[in-house]
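Before anything else, here is the set of structures, which you'll find just below.
Heads up, the next two complexes both have subunit A, just with different partners, subunit B and then subunit C.
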Partner chain A sequence: MTVFIARRLLLLPLVGIGVTLLIFSLLQLLSPEQRAALYVTDPRQLLALDSIIRTHGLDKPVTVQYVQWLWRVVRGDLGWSETAKMTVARAITTFFPATLELTLYAFVPIIALGIWLGTKSAVHKDKIIDHFSRLFAIGGQSFPTFVWGLLLLMVFYGALRLFPPGRLSLEANLYVLDPEMFRPYTRLLTVDALLNGQVWIFLDALRHLALPVITLSLVSCATLVRVTRSSMLETLRQDYVRTARAKGLEEPKVINKHARKNAMIPVITLSALLFVGLLNGVVITETIYNYPGIGRWGAGAALQLDAAAVAGFALFSALLLVLGNLTADVLYAWIDPRIRLR
Partner chain B sequence: MSKTRWFILPVLVLALAFAFQPGMATGQAVKNPDTYVSVSFGDTDSLDPGWAYDTASLTVIFNVYEPLIFYEGGRMDRFVPFLSTAVPTLQNGLLSKDGKVYTFPIRQGVKFHDGTPLTAEDAAYSLQRFLLSDRDGGPSSLLLEPIFGLTSSRDDKGNLILKFADLQRAIQAKGNNVVITLKEPFGPFLSLMPLWSFVVSKKTAIANGDWNGTAATMAKYNNPKKESMGFFEKANGTGPFKLERWDRAGRQIILARNGSYWRAPARLQRVVLRQVDEPATRILMVKAGDADSDGGVSRRELPQYEGDPNVKILDDLPTGVSTNPAFFFTVDIDCRGNPDCGSGRLDGNGIPSNFFSDVKVRQAFGYSFDFNTFLQDGYRGKATLAKGMIPLGMFGFNPKQEYFTFDRAKATAAFREAHGGQVWERGFKMTILYNAGNVTRELGSRILKDSIEALNPKFKIDIRGVTWSSFLAAMDAGKLPIFWIGWIADFPDPHNFAFHFFHSDGTFPHSQKFKNGEIDALVTLAVKETDVRKRQALYFQINQKYFELAPSIATVNAIGFRVQRTWVRGWYYNPIYPGTYYYTIWKG
Partner chain C sequence: MSVLAARKVAAQTLPVTLSTWQTAVLRFRRNPLSLMGLIIIVGFILVALLAPVLAPPLANTRDPYMMPHAGYSPDPQAPRPGHPFGTTEQAFDIYYGIVWGARTAFRIGLMVVAMSVAIGIVVGGIAGFYRGKVDEVLMRIVDIFLAFPGLILAVVVVAILGPSLQNVLIALALVGWPGYARLLRGEILSVRERDFVEAARAMGANDLKIILRHVLPNSIYPILVVSSLDMGSVVVAAAALSFLGLGAPVGYADWGQIISLSRNWIIGSGGNAFAFWYTVVFPGAALVFFTLGWNLLGDAFRDILDPRLRGST
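And then the complex of A and B:
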């Protein structure tokens, strides 16, 4: 297993170079003036455009430019984001924790419900639970996120006043902004609230997470239910499952120990992609719920043609994707030893 | 733990999360009684009174800083003393008989937010700093014109022509007084003071790296970069509220009550100005009581508030001092690295930088706009078609003025003539820009796009919403081929419109790179004219020229409205205010 992980880790720099080359090539489609924002840390520097172009070699051969740019990227210097009015690196560290928190909370129900319902559906094929799960999956996938988002917002906030938008209520927001009262250890509000001993802020943050989590769960879970169901159906038809049943194993053991584990490969792939997708920002959900995450910033940057922010966001997303794939690979190997032996 | 319990646990946690939280549905009880929350879509450009010239920024500024005199309630023509203890008049001797020297006795015992006392020196410095900063297209021309007879502090080559000695002579701190000497009598001078004489702390300004008040450093602080200014993101005023935080990540500005205010402290303890882009979310927040007013609501969304017993719609507010919105053409676009110009050539995939320099193109766009659809869909009929830049009801407005109407034949004819027929022959591609979140301007952009694209399949238009502060920066830089924006008067006089819509040193023509010597002379002549009839005739003439040259197209004169919770008390309407003045407001 260690060798397998080490081999995968060794591939990371190569993947990283490939990703940076791709992003850099796309950046070359922009004019030097547009790319200048990638090389400043303060908007005042943009006044001297020609100087930036000269200093950073934006008029030099692309190989020279690539090396210079890559060196800055490695040092975490990703330029200035006009959209966020701060450096790209700072924008990422500012907005990402909110999205990470949302993702972590959303991922648990997505995985739990997706696998549970998908399994139940396959085991009880054509029974009520199967019909229900298929209906759930179709419903979740058919409606666009903004429909679910607005619908839930209108019912649970507009009508029932239960789950408000934003990340915190006014009182809690003012409290956490006071550096003398509240220390942001992780920037994950629920975690920081507990570390600061403020249970009311923890509950307040949870209350604000509820609707985005439900929305994401509804939309993302539907896909997972379908994939789990079909994978389980295929596995349940395998000879070894029939053998397990023939030798008198209890049905829960057959399902949970023998069938489900082997049906998990496509589910893990999908889960890793879902997780990374959520981390990259859930633009519509964050916009509807006024949730200050990285997706809203990234989408805003794209609309503003904020080249530095878009490039930084793309690099960060690529990094997450690579790490997500690595995690999925490791999980494959853990679940199915044949994979690491190949 | 059994599997079933695993599912019950998060449900229980969530149930707990809201069951023990404050802010549950509480009927009519006032939520957050000491804090006012305003939601809107625009972000703040700058907090510096020497830079800011937009409503989103001035909303903050005029609650944090204070002028020498202020408007009397909802009146635009009557003033009350503020940081000056008297309003200069001939009767009280604070206005000289020749109408050129204004003396403002500075109020004693007033403290800045940092606790330091206000002095006449601070007030004089603030006015001098305002005149000196004079950024391109900024507000400084408002005072440069009456005080020095200049529309800019720089010559055509960008050299500073404002002399330190002149500055010192025109604005003087004499004992506890600030004395302002005008070049010539200027009738509306006092009406400029309420919004353009904000007093900052000289000491804080210098500490923040701003101008130190000497001749040697003047040039460095003329036409500065926004972020270089001492009060761009910091504040130290004397106003009823102090800046507690500009929380950019949370997209909100928090103001806290000034406990040492020279009048009785404000009743609100805090004011929170939040940026919420999604209209549906804003509406639900107001309805739920989590926000007290919706500053971003358009008339199209107003029905969603109608019938809610907890929400008050104040409609039919007179707006005789604004022309909003209009679409503007940049006649010399900065197309360097500018995707909104497409290819940057007239080849069917872009526009050259001089695309709008041909009046025929501008007129074609004017005749292509379906004004009536815009009026009906955007304003539900509650607006009148604009007849030029001077708003309906203001002196200088000409009810018989020619104006653009939707006319495909005229639009086609103008397009065929434009750039020697090349526009029609080759086609073009470009972007229309508006400030993101403004659904009315977005609608206007769509109407323009649809009607122009319908004229010729070679005409391609994209539309793009840009965050307010980025929009203003791109506008100032001349990067927007066409942009939507509106104007609220700085003082209720047609000159304020003629200058900023038409004069080359005005805010919009500066961004548009529009310059016409004849127009500049006409605008200058009109403001100096003392004969009312002659002056009116001059504005009629200017408006006619505005129609003929079409540097921008004014669309409608809208009727104002406001949406707020019924528990909001003390709000009053003054059409010239850039936003809400929170000092008089409380919740109950």
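And then the complex of A and C:
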């Protein structure tokens, strides 16, 4: 197990170099003037473009530039984001908690509903619940996030006035921004609201989270239903399941204790993929609901050619994805000894 | 092994036999969902081919892909005679956009998938066949591309290259190929150990011939399945980029573009939330059915080509 994890960790710097190299090469397509924002921490510095280009060697050979740039990136110095009006590093720490909160809430329905429906569907193959869940799975996978999101917005905000866009209503936002009254412990609003004893803010934040969470969950949940179902079907055919039934175990025990545990292995592999889906999904979801997370910032920056922000956003999402994959691998090895011992 | 025996081994493993086609036909006949997928896609192909008949461009138009203006109204206008699906803001005809958008969708899907598959086959093929150091280097490069969430990398590439449909195609191909490379490499690693490859080598075939004639045809099926599923998802990704404002220019017949024109009107007006429903429902439906069609078709392909999975999904 330790060897397995160590081997994975050793690969990380290599991936890091590759990822930064890819982003750096893309940035080289821009002119030195456009790249200058990557090297400043204050927009006033941009007034002296020539000196930035000279001091940071933007006209030097690319290898020299890459090493210089990489050194800044490693120290977390990613430049100035004009769209956010703050440094890129600051922007990430400002916007990421909102995105994290959104994805954490999305994980709950995805995992719970996905595994439950997938199992039910496999156990009752070709029954009504199976047909329903297959329809849900294939329909959910075919519904583009933004079409689904816009329809939800039309019904639940436009018509029913239930769930507004944004992250908080105006008065809740004013309250939260007041450092005297509200202390941001975790910067996850629902958690902070409870820690501060402000239930109304908690409810307000939940109201704003509802639609983005549903939007974000749909596609991933559909995928999970399908994988759980086919994996469960495969497992239910195995001999040891028949043995369990033959020795007189009750059906729920056979399903939940014997079959589902083994059926979960491909599902865990998939969870890394789910993570990718969620990261892609937040860009669209946050843009639709005007939810102030990292995805909306990244999409906005891309539209304005905010080079430093775009590069920072890409690097940060790659970091998240690599860490997500690592977690999935470790989890996988932990659950399935066949992987660990190989 | 004699030449004759080697030929025989090769013949036995030829992938497309009559029985595969027979099961294919049988499968489509038996599974109504697969048949539905086929019908949807054929429908879209017909719409795309017949676009000039279904929605004739104006006589003096320079580019039939640019949607014609129906007047100068800044608000969307409800469906009415002459404009069966209504018009968007800036008075673009939605029906026209959807019909010509089918062409755009096929163009995006086919070009991106073709480019991704081509690069994926070359890289994955070389890595899987030669193994060793070449494999190691190529697969680490693939890992680097896969370290980014696809849509985010595409957003970054389009942002840097500049928003346009062509750059969307480039970005999506850049994001798409690593998946194919990894998939093909895995297949080839197992195929190249099989007897018929050894037989071909014993007969004196060179590497290129072995790869093209023996290894590739036997490892290409998963690629076919994934690429048919990808036809839908690539078009959705392109539409998402258009929706974010990074794709086709305003007024271009592209479903994502039309949907993005509906964004300002989504909560309706004057107390009626559904006042502008047609601006999102029609182009949205086109996109959903297009993806659904390819998903169903991809599933059918998988069932036909991979007997292990038959009946499990």
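Quick notes on this one:
Please note the rule applied: the second predicted complex is superposed on the first by the 331 of 342 C-alpha atoms of A that agree within 3 Å, B and C clash if a C-alpha of one lies under 4 Å from a C-alpha of the other, contacts with A are read in each partner's own complex, and residues count from 1 in each chain.
What we mean here is this: contacts are C-beta pairs under 8 Å (C-beta built on N, C-alpha and C of every residue); 3 or more make two chains touch, one makes a residue touch a chain.
Keep in mind the model is a prediction, meaning the values are calculated, not measured.
Once the complexes are laid over each other on subunit A, subunit B and subunit C cannot both fit and instead clash.
In the superposition on chain A, contact of A:95 is made with subunit B only, not with subunit C.
Of the two partner chains placed by the overlay, only subunit B lies in contact with A:170; subunit C stays clear of it. Within the superposed three-chain model, A:287 lies in touch with subunit B and with subunit C [touch as defined at top]. In the superposition on chain A, A:18 makes contact with subunit C only, not with subunit B. Of the two partner chains placed by the overlay, subunit B and subunit C both lie in contact with A:30. Shared-chain residue A:303: touches subunit B and subunit C both. In the overlay built on the shared chain, the residue A:204 is in contact with subunit B alone; subunit C does not reach it.
When the shared chain is aligned, no partner comes close enough to touch A:62: not subunit B, not subunit C.
In the superposition on chain A, contact is made by A:158 with both subunit B and subunit C. In the superposition on chain A, subunit A positions 30, 150, 153-154, 157-158, 287-288, 303, 305 are in contact with subunit B in one complex as well as with subunit C in the other. Interface residues of subunit A, counted against subunit C in their complex, comprise 14-15, 18-19, 21-23, 26-27, 29-30, 138-139, 141-147, 150-151, 153-155, 157-159, 226, 229-230, 233-234, 276, 279-280, 283-284, 287-288, 298-299, 301-303, 305, 307, 310-311, 313-314, 317-318, 321-322.
Of all residues in subunit A, only 30-34, 42-44, 47, 82-86, 94-95, 108-109, 112-113, 116, 150, 153-154, 157-158, 160-165, 167, 169-171, 173-174, 177, 200, 203-204, 206-207, 210, 287-290, 292, 300, 303-305 touch subunit B in the complex they form. By the touch criterion given at the top, residues 3, 6-7, 10, 13-14, 16-18, 20-25, 32, 35, 37, 225-228, 245, 247-251, 254, 270, 272, 276-278, 280-281, 284-285, 287-288, 290, 336-337, 339, 436, 464-467, 469-470, 473 of subunit B touch subunit A in their complex.
By the touch criterion given at the top, residues 33, 140-141, 143-145, 147-153, 155-161, 163, 232, 236, 239-240, 243-246, 256, 259, 262-263, 266-268, 273-274, 277, 280-281, 284, 287-288, 291-292, 295-296, 299, 309, 312-313 of subunit C touch subunit A in their complex.
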